[in-house]
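What follows is a pair of complexes built around chain A, which joins chain B in one and chain C in the other.
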Partner chain A sequence: MVLYILRRLFQSVWVLVGVTVLVFALVQLIPGGPALMILGEDATAEQITLVNQRLGLDRPLHVQYLDWLGKVVRGDFGVSFQDSRPILPDLLNRMPATLELLVVAMFFSLIIALPIGIISAVKPNSLLDNVGRVLALLGVSMPSFWIGLLLIMVFARNLGWFPAVGRESWTSVIMPAFALGVSMAGILMRMIRSSLLEVLREDYLKTARAKGLTEKVVVLKHAMRNAILPVITTIALQVGNLLGGSVVIETVFAWPGMGRFCYMRMLQRDIPTIMGNLMLYAVFVCILNIVTDLLYAYFDPRIRYSG
Partner chain B sequence: MIASENRGRVLRRLFRRPLTVIGLFLILANIVMVLFAPVLSPYNPEEMHLKDRHSPPSMKYLLGTDFYGRDILSRIIHGSRISFTLGLSVVAGGLLFGTTLGLVAGYFGGRVDSLLMRVTDIFLAFPQMVFAMAIMSVRGQGFGNVVLALTLTGWTAFARLVRAEALSLRDLEFVQAVQSLGARTPRILFRHLLPNLMAPIIVQATMGMATPILTEAALTFLGIGIPPNVPSWGGMLSVDRDFMETAWWSVTFPGLAIACTVLGFNLFGDGLRDALDPKLRA
Partner chain C sequence: MMYADDGAQPMAPLLEIENLRVTFDGEDGEVTAVNGVTLSVGQGETVALVGESGCGKSMTALSVLRLVPAPLGAIRGGSVRFAGEELLMKTVEQMQEIRGRDIAMIFQEPMTSLNPVFTCGDQIMEAITRHRVVSKREAREQAVEMLRLVGIPMPERRLYEYPHQLSGGMRQRVMIGMALCCAPKLLIADEPTTALDVTIQAQILDLLRTLKRKIGMAILLITHDLGIVAEVAERVVIMYAGEVVEEAPVRSLFKKPAHPYTRGLLGSVPKLDRKEEELKTIPGNVPSLKSMPSGCRFHPRCPNARSLCAKAAPALLEIGEGQRVACWLYGLPSDREGVETL
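Here is the complex of A and B:
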């Protein structure tokens, strides 16, 4: 197990090194370079040279990269072009709001997906299964920000049940989290269905039934324990998507999290903050993947011992 | 490749399910809108009827008008062009780039495979939306940039799928046979392996239309996608989002257009997968 964890961590380090290369390469995509972007279209060649000198952009690319990498590894994400404040604290301060949104969204998608997914698998091709299938596909087909807009229109503006924007009261999180969780619910529903359906065919469940266990115990205790494994992976993969979706949802609901902050800085083309934010998201996804793999190895001993 | 005697069976299986037929219908309706937009639109999508700003759905304006008094139905019909061509371009980019890399990784295996898969891991470390937004913010608005951003973030799906399938095929006898006949590698990859992977690739290409359409709508809604002077569904939602209490139609219908289009590709892709690979269907 220790060996497995070490190998897994080693892999992630390489992925993160690749991530830094990609984030750094993003700056090279700026048409005309960062200096032209800061100064505007009618900057003179001298001004551009001056800015490049001040930001160290006149050095060879690999020197710039290694310099930046060295700082990032030490937790120094640089300062914002916008307000000259250090970037990392500003991002981390907004993390709890985003995490709250993600957790509640995940909770919503699970309470929607679990019952429908289980029923669909127990009674495949029934009416309920088909309704579930349509619901799931509908869930992944609707843009989450549009669901958010409709929720605001109906439940905030017309009915006044929930606040439309901000994070003042505990009810604030409900609408954004629901809008965010809908598409994940659709994906989870399908995953739970197919995974459980496969397990339900196995012989050990015949044994369980033959022992005289009730169908409820057979499905929920014996079958679900094995069926849940692929579902865990799906959830982990989806959290990355939720994180991406949260940027849009936070903007729609003026939710004071990392995503909205990141978006506003993107509009201002605040390159250091965008780079820092991308790094933070990537680290988050990598940690999540490691945790998933470890959970998986914990639940399924076959993985621990084989290659 | 689907042999001709199989083709009939696959088609029958495909159209047996009503949901798949609905999906195909939604896709065809979309294609008709894309092709005949100027004929189908009752008004010029850019024409501002300033006396009829935010007028509700009526016989004159079937789906109402927006903040500038532009006919929403006409704008939805014209907006389909952006979504559809964008989806096609991104899928084409993903097919070209992802399929080639996936074939190479799966066929050669070993070091080549692990190197290429690490590269996809790196791209997958970013939430797609955030990565696309970052690219758009440095590149600026525009159709080409949206295609670039979504292809850069979307090719991994094709690469991983094709790689897994190629890996399972490369040790089969027919591959060994062409190898021993002395076929060159590109020929083996594209003439022998690729045709056998068409079924999953077709499914992925169909379902793969969904994500770019959704992501483009979100980017444009946020003001960093398609420029506002081009009629697009995301842009329509962005113009009228502040007026939804008074003009519900202006935020409802464009979103419905996105949802229906994406649903069409998802339904049809889902049905295709079941028809092409009955093993997956319980």
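Here is the complex of A and C:
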């Protein structure tokens, strides 16, 4: 078990190294390079050389990369092109808002997906199964920003139940989280259904019924404990997608999180901030994967005991 | 060996299945998996239910617990009485009380019959607490006791192990321990040794015999292996294509098998002391439920078939002490029409 965790941690380190290479390479692809971006289109050649020297951009690429990597590892994400403030504190300040959004979105998508998914599997082709099928399709095909705008129109403008933007009251999170969670609920629902449908054929459920257990215990305890395993992986993948979706949703709802910050800095071509943001996202996804593996091991003793 | 005494009064029936019919909705229409099966198991008696794979043994057994896989499968008629009470009339809740407490069942596949994500102890304790008001500690002690009873070494440790950490034989022992923890009056064992290798098979059968003596339960033992039958059963019911074709005390069955199918089955039991002798097998295949032969379902494979056999189905007929057979070879005067061989 300890070995298993160590192996996963080791793998994550390599993933993160890969991400730094990618992030670094992406920035190199920007036409004209950062100097042109800072100075504007009509910069002279001398100005560009000067800026490049100041930023150390005249050094060989691998030197630049290792230098940057060394700083990132030490938690030094550099300063913003925009306002010359250190990047990391600005990003970390916005992290709680984004985490809140993700957690609540996740919660919404689970409370939608679990009951419908389970009932759809227990009674396949029933009315609820078909309703679930349609909902899933809608959830997947409607872009979350569109759902977000719809929610703002109906529940903020017309009904006035929730604030349209910002994060002033505790109800603020409901609409953006719902908009974000719905798209995930569709996929999750179908995943739970198919996973449970598979498990419901297993011999050990016959054993559970033969013991005299009620159908509720058979399905919710004996079947779901097994059916949840592949779903955990799906959830982890989906949270990665949620992170991407949060950039859009935070922008639509003026939610003061990392996503909106990143979006604004992108418009301003603030490259160090974007790099820092991408790195944090990568760290987040890696942590998520490790948590997923731990959860998986917790739920599946066959993994827990195989090292 | 505990043969039923041929001359004694029949034991009070614990389980009486009468005219049971189970059907399945298939892709091309409904098929009858169990067609009018009648059998009984006495108090403390061991009855073997024998037949080739697919002949409806498991569905007959699952019907007793009302666990025929819905919605495709369904019990369509007949009666299943347990200790005099009609099980087919019970509510779902009443059946859940009976399952595991009065009637327990173990299955063919020890590898897949235990839930992989719960410890053996949890699964046994769950069966105990389902039907008995006991504290968690008492349940744990009883579970350890059950594991010891079924011959699992170091039961205190095994309690915390998961099924994948045990061998097939050990898992089947856990299954048996779990089935017997509420001291049921009837144990249905659906091919409990088929998936195990020969030495383990013998150990499990031995265990069943010992436990039966200790607990005094009745056993409905399902198997397709007549070798097993001779060792543990007192009475045998032979099924073919969803129907009972012969029923007899185990001694009579081996001494004078009446039904041509039974004779075929006995002929195909390998005898260890006669290795050289060619293994007799029954020619032909088990008919598919979709295209069931008319009349006697065995007639396309039967060496004794007559023209009548294809026209009408024979009913079970008593031909000796406790021996009943469904075959036109018995009970008809030989000069009757249609008796000439096919």
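Following the convention adopted for this analysis, the second predicted complex is superposed on the first by the 303 of 307 C-alpha atoms of A that agree within 3 Å, B and C clash if a C-alpha of one lies under 4 Å from a C-alpha of the other, contacts with A are read in each partner's own complex, and residues count from 1 in each chain.
What we mean here is this: contacts are C-beta pairs under 8 Å (C-beta built on N, C-alpha and C of every residue); 3 or more make two chains touch, one makes a residue touch a chain.
Quick caveat, the model's predicted, so the values are computed rather than measured.
With the C-alpha superposition on chain A as described, chain C and chain B fit side by side in the combined arrangement. In the superposed model, B is the one of chain B and chain C that contacts more residues of chain A.
Touch criterion met: A:222 reaches chain C, while chain B stays clear of it. By the touch criterion stated above, A:36 is placed in contact with neither chain B nor chain C.
Looking at the shared chain after the overlay, A:142 reaches chain B, while chain C stays out of its contact range.
Residue contacts after overlaying the shared chain place A:300 against chain C, while chain B stays out of touching range. Using the contact criterion defined above for the overlaid structures, shared-chain residue A:210 touches chain C, although it does not reach chain B.
In the superposed model, A:254 lies in contact with neither chain B nor chain C. The minimum CA-CA separation between chain B and chain C in the overlaid arrangement is 13 Å, rounded to the whole angstrom.
If you check the complex, the residues on chain B that touch chain A are 19, 118-119, 121-131, 133-140, 210, 214, 217-218, 221-224, 234, 237, 241, 244-245, 248, 251-252, 255, 258-260, 262-263, 266-267, 270, 282.
Those residues of chain A that touch chain C in the shared complex are 202-204, 206-215, 222, 225-226, 299-302, 305.
Listing the residues of chain A that touch chain B in their complex gives 11, 14-16, 18-19, 21-22, 26-27, 29-31, 37, 124, 130, 133-134, 137-138, 140-146, 149-150, 152-153, 157-158, 194, 197-198, 240-241, 243-245, 247-248, 251-252, 259, 262-263, 266-267, 269, 271, 274, 277-278, 281-282, 285-286.
Within the complex formed with chain A, the chain C residues making contact are 65, 67, 92, 96-101, 104-105, 107, 109, 112-119, 126-127, 130-131, 162, 164-165, 175, 178-179.
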